[in-house]
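The first chain written gets the first letter, and so on, giving A, B, C and D; residue counts start at 1 in each chain.
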Amino acid sequence: MHIVREMLDTYPADFGETDKAKLASCIQACAECGQACTTCADACLSEDMVAELVTCIRTDLDCADMCLATERMLSRRTGYDANLTRSFLEACAAACKACGDECEHHASMHEHCRICAEACHRCEQACRELLSAF
Amino acid sequence: MHIVREMLDTYPADFGETDKAKLASCIQACAECGQACTTCADACLSEDMVAELVTCIRTDLDCADMCLATERMLSRRTGYDANLTRSFLEACAAACKACGDECEHHASMHEHCRICAEACHRCEQACRELLSAF
Amino acid sequence: MHIVREMLDTYPADFGETDKAKLASCIQACAECGQACTTCADACLSEDMVAELVTCIRTDLDCADMCLATERMLSRRTGYDANLTRSFLEACAAACKACGDECEHHASMHEHCRICAEACHRCEQACRELLSAF
Amino acid sequence: MHIVREMLDTYPADFGETDKAKLASCIQACAECGQACTTCADACLSEDMVAELVTCIRTDLDCADMCLATERMLSRRTGYDANLTRSFLEACAAACKACGDECEHHASMHEHCRICAEACHRCEQACRELLSAF
């Protein structure tokens, strides 16, 4: 999704303190994680053992919603607020950690959980790197 | 939106520690705040002085997105996770505080900002009450 | 959610052709339906017979997402576009019909499906009334 | 976002009629278009001439919301419903056309509108190709 960086480069004002490359990585990681979680929740629903995957489905849905809020928030630069950005990133890292850990429990049985766990851990990492850049 | 409480009452399992009335209040406050912020952003866009309201619009959009993620998360009870709930509530309270404070600056000039500021402060309060119930 | 109408009343410009009361009803019906669908999907996940409810869960999630897009779109008045409004309303009515019909199949067994089916049918009806007002 | 195709490949059941490559392209086009629209709305907010871009901002926000609903819907395969899929795709194509046309008016002045218009037209095209595959 090279469009993330392309769009950031068109922003009419300077970015100030934030590192643009880390920001683009984090937006993209949120987009990929949200997509993986939405798909993983649905793939879990189609497994014969769905009854054992209900916590995984629920955590996927929470994580998809928080990744979306964070992706959109990070994509906005007007009236930038460092404290608010930090709040979103911390909540997103928490959602990604919870979902990544849950999916990891099923990673050896379900390929969708394995890929989703990786996307969650990448997104958690991207949020933490952006947090440490402040 | 009495449907929030009606739906919570149909949940197949017991709720354990969480106070159901506070939960229903918080879900409803998130729904109302998200709706107010979406509408306030658009009303700001239609003001002649839109150029002075761009930070308000941006904060409205962030707050609407975080209220949505929190409303949906709180509506889910399966595989309940107290730590994750806390993360969402803290981020939502922060988004509501930022948006409520911003809208308050324009409350005397714009009725939509006045109503929106009140919805934000009610939602912030509902999040903090639910946080204190843990 | 009387805030819907309160906020519409603060919009800085005239509404022209659209009936404000029908618009407020439809926005509110979308908000309630989206909330009911999100909650119903989660309640289904907690039923012992979840394996028989997977189509219901999936339709709930689709309907929640379309109700959200439509609620937000209808809440915006700036640069109003009748054709685009019609497209959203038709898709939302279709999503509500599909979900309402699916939930109805389980209404006698699951109270959450009964309430959700009613919310879906009310929202479908509100969309169709707004469509006929053009 | 190769994760879209990777995740589709892990789905536990067969896809039947739908062409998996077209589906993956359309999901990805929705994700990119939603991201471009969210960013374009914010970039417009930061332009000195924001007052002339309010319709563009509004159409961006509508399009972002519809792309999200469609991206998520298409990512779900459980209980697949061809009629419902068609409804979402038609509404998404309409939102992308409206936003692409609006952004095109400003493409020569604003690079973000130029890139966003292209993302909208690609997404409209991807929706129409998937529609024609039914």
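Everything that follows uses one rule, which is that contacts are C-beta pairs under 8 Å (C-beta built on N, C-alpha and C of every residue); 3 or more make two chains touch, one makes a residue touch a chain.
If you're wondering where the values come from, they're calculated on a predicted model, not measured in any experiment.
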When contact pairs are matched by residue number, over half of those of B-C recur among B-D, A-D or A-C in A-D
Does A-D or A-B have the larger number of C-beta pairs in contact?
A-D
Per the C-alpha means, the centres of subunit B and subunit D lie apart by a whole-Å value of 27
Averaged-CA centre spacing for the pair subunit B and subunit A, given as whole angstrom:
21
Residues of subunit C touching at least two other chains
42, 45-46, 48, 54, 57-58, 61, 68, 72, 76, 78
Name, in rising order, each residue of subunit D that touches subunit C in their complex.
54-59, 61-62, 65-66, 68-69, 72-73, 76, 78-79, 81, 83-84, 87-88, 90-91, 94-95, 98
Note which residues of subunit A are touching subunit C in the complex, please.
41-42, 45-46, 48, 50-51, 54, 57-58, 61
Seen from subunit B, its contact residues with subunit C in the complex are 1, 3-4, 6-8, 10-13, 27-28, 31-32, 35-36, 38-40, 42-43, 45-48, 64, 68, 71-72, 75-78, 110-112, 115-116, 119
